[in-house]
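Below you'll find the structures, each written out as structure tokens.
Consider the two complexes below, in which chain A is the common component and chain B and chain C are the respective partners.
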Partner chain A sequence: MDKGKKIWRKNLIKSLTLGVFLFLLSFTFEPYNQGQLALVLMLFIGVLSLTVLTGASGQISLGQGALMAVGGYASASLITNLGASIWVGFLVAVSATAIFGLILGTAAARVSGPYLAGTTLVIALALPSVANRFESVLGGDVGLIVDFGTPPAWISNLIEVGYEQWQLWVALPVALTALFFTSNLMASRAGRSWQAVRDDEIGAAVSGIPVARTKVIVFVVSSAIAGLGGALYGLRGLVGPSVYPVSLSLTLLTAAILGGVGSIAGAFIGTLIVVFLPDLIDWAISGLAISEQFSNYLPSLLTGVLLLATIIINPAGVMGAGHRRKH
Partner chain B sequence: MNTFISTLITGTANGAIFALAALGLVIVWRGAGVVNFAQMGQAMFTTYIASNLINSGESYWLAFIVALISGSLLGMIIDLLIMRPLAHKKSSSSTKTLAATIPVIASLGILAILQALAGIFWAGEERGFPTPVNSFYFKNGAGTLPFSAFNLFVIGVVLIVLLLLTYFFTQTGVGLGMRAAALNPEVARLSGIKVSRMRTLSWAISGAAGSLAGLLITPSTNLSPNTLDLILIIAFTAAVVGGLDSPLGAVIGGLILGIGIALVTTYGSPENVFLAILFLLFAVQLIKPNGILGGKQVRRG
Partner chain C sequence: MKIRGSQTKRWVIGIVAGAVASTLAIAPSQAIPVRSEVGVSATEIVLGMQLPQTGAASPGYKKVDDAMRAYFDYVNSKGGVNGRKIKLVVKDDVYKAGLTISTASTLINKDKVFAMVGSVGTQTHISIIKDINRRGIPDLFVNSGYSGFYIDPKKYPTSFAALGTYVVESKIEADFLKKNYAAELAAGKVGILYQTDDFGRNVVAGFKQQGVIFPAANTQKFVAGSQGLGLTAQVQALQKAGVTLVVIGAVASATAITIGTAAKLGFAPKWLVTSVGSDATTFKTILASQGQSAAAAAFLLTGVISASHAPSPGEDTDEFVVAFKKINTEFNTGAADDKVWDNNVLQGMNIGYLTTAALMGAGKDLTRKGLIAFMEGKGATLSSAALSPLSYSSKTHEAYNSFWIGAYDANSVLKPIGGTRVLNTTDSADGPITVSTYKRPAIAADALPKVG
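For the complex of A and B:
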């Protein structure tokens, strides 16, 4: 009990420190980089959802972007149709995606390994058809237009806030909440029982852990986190099929793998890499005479190479090295 | 009535191609325990090679052969450079739980690299791909017949390939060796079968099958780095429907999907194709998770 409280307090201090650091750092940034940092935080939540799924069940999902889309659509349809505030939108996004995850998890608990990967990929691909099928609510190909709005008067009277900065200020508390929740969860009794199921199903069952139910719960929690990230991601301007393409799911997976599967710090590092890699490449080749065709495909090429290199050199990812030393 | 028959024939021809792609997935899954998400990326790459040969004035048939050979070479290279080292790598405790998913991630990385390279080499814009025979519907005195010469060509080619593969896997020593290596690697090794060589061979055969599927489907989809992603999804669904470890199941699954998709496109709307695929995938996994012809212990990993 005492130990649990200590972890709880440690995680709170860690999350708050990161929050204050990023908040102060954002004042030194150009608007473009403030927007990029906000993007990192949004995708970070999506990667966290994979960290929970993979870290707690050993499975990978190629359709996490589709779960983000569920959250995005849930909040956006509420905001555009009923005029709800974005904060209510977040809550609804989480609950709607949790329900979706429950349905999916019930089917997915029976499925494993490559089967789950393929099925989630199909879900991600089927998304535009669903959006078209229910065009009146979901806006079809175009989607639903939403945004972060403007800061409330008590903030804008105090200090002038740019749109990118406001994005960051909304994304920051949401991402920190997800971070705090996830880090506590993985260290909690529930989180440890999930990892027990992951490492040895029979052993876990013998210890009195309900294996089938646990698998479904992991899916529900992972989906709910993805939904939160998706709602935030959609607020950048549009919730539509083009915002949550299959490549989004693959980006999330790449970030999770690069950083180190199951590691929360790794999730953050991986997200930083995938968001800033294109900028970094642009900067690196700006002096060179390279055709546009080449530079267009360079990020994708490097991502693939990084992914393969990670898998071959150290499958545990950037943060995995430290984990291994402990054993 | 004519619409219905032509839908059925087009569906069967496309289904034959899906069957081929699904068969490629099944061969690598049985032979090496990997679901190869890069398969149609490899096929896209070799179809580009064929397309470039044709554009530079070579004959279709030369391009056809070159594509098949480069398809099997690409499969071998992927196994030798990436998949075999991965399989031999000792798994540390933190990655043991990921053992089943690591090859999947590797195949996604390969897919990304192949698509980027194709984009860099051959531009990102779509181009057409020719057929060796006429792809317009036959005409006779009474009117238009509901199928084209290309439909018949596709069905014929796939039929020949299926017969050859059946002969190979049931009558030849190498084919039987491959099945033994897939069924029980330890015992096969004791009987003197070179198991890792058999694995490489599965990658080569699967690569050639995928390439052939690519050559046959691109006339109707056009060619760009991403066009064959859809075929991979359909082939995966076909393989799951038929049972991932059953070659016959893959063929049946491919035909079911081909005819089903043709019917949905003609009588429903093309937009619903994905929903239909998703529904089929869920239904099979809930009702018969091992597929129509799958064995009892399919879901390793």
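For the complex of A and C:
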């Protein structure tokens, strides 16, 4: 068996094992934590898109949430206007965001660093205006109402499935597909060429890697992954500008940094932190007499502190720290 | 490669073993059936609410929860409802529908609320109403007048309004315009500024139903929640169009920003503002943040026309106002600014009063289904501070169907135009507008609802 096939098999086993683990875990969780775990999987896909873009190719995006929105709108438009299934919606979301990423990536390849970050941020900020300009199709600033629906009869006849559990079960195969795809991609020849561009553009060019084209390809792939995550994320109830605000992009970036930019395991751990940290804080302060006005903002405050501490003390994030210890 | 293979194997076995162990460990606790209603115990009823406590739409509205809690604390001090104390859990959704989805999930699944009460916002509520309804969670006294939530109970069987619909209100306001500003309407001198969500669109629909259609040049809109960025362009456009009367279909903060901006531009039309957008203290607070003195703000508010289904909070002789004001003084534990008596506090108190009445009516054996059945069967018989009757039935979950039109005086009190309060009543469809003969029942001496 050649090396590529072995990596492919190893990633398949890892993805399936994680899937089985989370599937079994869904039976032990209360609905709230089932919903939170589903949210982890949705955001994890978004963070994976950053892992590819920033971790593998070194490009910075502050507007990844807007790419998720493109996927969300593509999927929701199809579901609400044509009655398509959510699974078809996912495919369309990936395709539409890939095309959007191609257009954006072509422009993005000409800029780098803070300019690229600024460009992507502007796209995220422009989203409400775009949604409002095409109100009849995109639902204006309210958005399009979509959801996960209910389990098919053959499942609900077998077992009682709650709304949050169903969310988790839908999110699981989608996230695992993204995980499997990204894991293989990062370990592939293409992934290595992206990393070469990230580490030294001139060196990569000398080695025969077309730098500009590579950057565009990475943008397309990253966008497609973000679009998939966005379609899934929108199914929580609504696809609209307020669902994909700039703060979503920053949350994705926070998760990527906390876990370790460029690490797939780090992406998962970082997402777990940003999703479950508010609950941990809630639990920690539950016995204290703190006003709601303050306690409602404590998670954001502490996440910010954690982010700053990570950047200053351990810039490589959780997985980066583990990696250093191994060596 | 051998090492890598064995590592993967160990990793897989570890995860599967962990999952199986955790499943087995927790499974016994799931075997115990829980029969009691969610959010109800022998001593407590947990209610949930979401509203903008921060952000552009928060001024004014952020006082509603403190007022509701104050009324519940008062009820609790009197022994609660059937021996159960009422606990209100509040989440800030910043008037962002994306956040509302998360806060609702927390209230439902983590705080395990029995019912949602008094949630504020149209576009925010749209994002969760379907989910709340399919779970069978009572969604009482929603602070939105969007008719789409209430006119088809088959669609949203658990949602009940706290306000008259924007369509009802706008129909009555349009009728007022036709009778009092016919010349301006005929000359195309009446304009509108509205927020581009179902709230704003409902307002436009109400006017249209009465034959008041605003010319395109006189129509300005903005994205709900974006008023903090300024509404100068819209106000300038209305000024340029030469309108002499402007209808505002937007939240209170947007109203204040609009009128404040117009004053700076030297644009002084007559203003007609939707009831939820016209609150004197919110108006003054926003204008103060723009550098206007309280006296200047009061001057700008004087003469602004609005509608109401309730007494004005400035009516010191109204028995509900007197009773609620006293409870607010004694029980409101909110921030100093948030407990200043005004329209929002009156509305919060009134929702607290109605919620208490509904919980009483649903009986000792409190269930979600029982509460909804009570609301549909007997909800219309409940009285409140409002001067309008309630409309709840199995055919509609709309609240108030009557409004009176007034104008703010120099003391920032909404007073009936012409001196006599006339309540007009209509429906959210094509029904006629007639004068209401409803007489509000008196409030009990202990300020608690009496449900029999």
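Following the convention adopted for this analysis, the second predicted complex is superposed on the first by the 320 of 327 C-alpha atoms of A that agree within 3 Å, B and C clash if a C-alpha of one lies under 4 Å from a C-alpha of the other, contacts with A are read in each partner's own complex, and residues count from 1 in each chain.
Throughout what follows, a contact is a pair of C-beta atoms (placed from the backbone, for glycine too) under 8 Å apart; a residue touches a chain by one contact, two chains touch by 3 or more.
Remember, it's a predicted structure, so these values are computed and weren't measured experimentally.
Student: Touching A:Asn132, do we find chain B (first), chain C (second), both, or neither?
Tutor: Both partners.
Student: Touch test for A:Tyr163: chain B only (first), chain C only (second), both, or neither?
Tutor: second
Student: Could you say whether A:Ile123 touches chain B, chain C, both of them, or neither, answering first, second, both or neither?
Tutor: first
Student: Just checking: does A:Ala107 make contact with chain B only, chain C only, both, or neither of them? Give me first, second, both or neither.
Tutor: A:Ala107 sits against chain B, while chain C stays out of touch.
Student: Answer with first, second, both or neither: which of chain B and chain C does A:Asn296 touch in the superposed model?
Tutor: After superposing on A, A:Asn296 lies in contact with both chain B and chain C.
Student: Is A:Gln59 in contact with chain B, with chain C, with both, or with neither (first, second, both, neither)?
Tutor: In the superposition, A:Gln59 touches chain B alone.
Student: Figure out whether A:Ile99 sits in contact with chain B (first) or chain C (second), or with both, or with neither.
Tutor: neither
Student: Counting residues of chain A touched by each partner, does chain B or chain C come out ahead?
Tutor: Looking at chain B versus chain C, the one contacting more residues of chain A is B.
Student: Can you list the residues of chain A that touch chain B in one structure and chain C in the other?
Tutor: After superposing on chain A, chain A residues 128-129, 132, 293, 296 contact both chain B and chain C.
Student: Once bound in the complex, which stretches of chain B touch chain A?
Tutor: 29, 34-35, 37, 82, 85-86, 89, 91-95, 97-98, 100-102, 104-106, 108-113, 115-117, 119-120, 123-124, 229-230, 233, 236-237, 240, 244, 271-275, 277-278, 281-282, 285-286, 289, 299-301
Student: Flag every residue of chain A that touches chain B in the complex, lowest number first.
Tutor: Interface residues on chain A, with respect to chain B: 54, 58-60, 62, 107, 110-115, 117-119, 121-123, 125-126, 128-130, 132-133, 198-199, 246, 250, 253, 257, 261-262, 293-294, 296-298, 300-301, 303-305, 307-308, 311-312, 315-316, 320, 323-324, 327.
Student: What part of chain C is in contact with chain A in the complex they form?
Tutor: Result: residues 1, 4, 8, 11-12, 15-16, 18-20, 22-23, 25-27, 53, 90-92, 96-99, 101, 105-106, 109-110, 123, 126-128, 130-131, 134-135, 196-198, 223-226, 335 of chain C touch chain A.
Student: Within their complex, state which residues of chain A touch chain C.
Tutor: 6, 10, 13-14, 17-18, 20-21, 24-25, 27-28, 30-32, 35, 128-129, 132, 135, 140-143, 145, 147, 163-164, 236-238, 240-245, 248, 279, 292-293, 296
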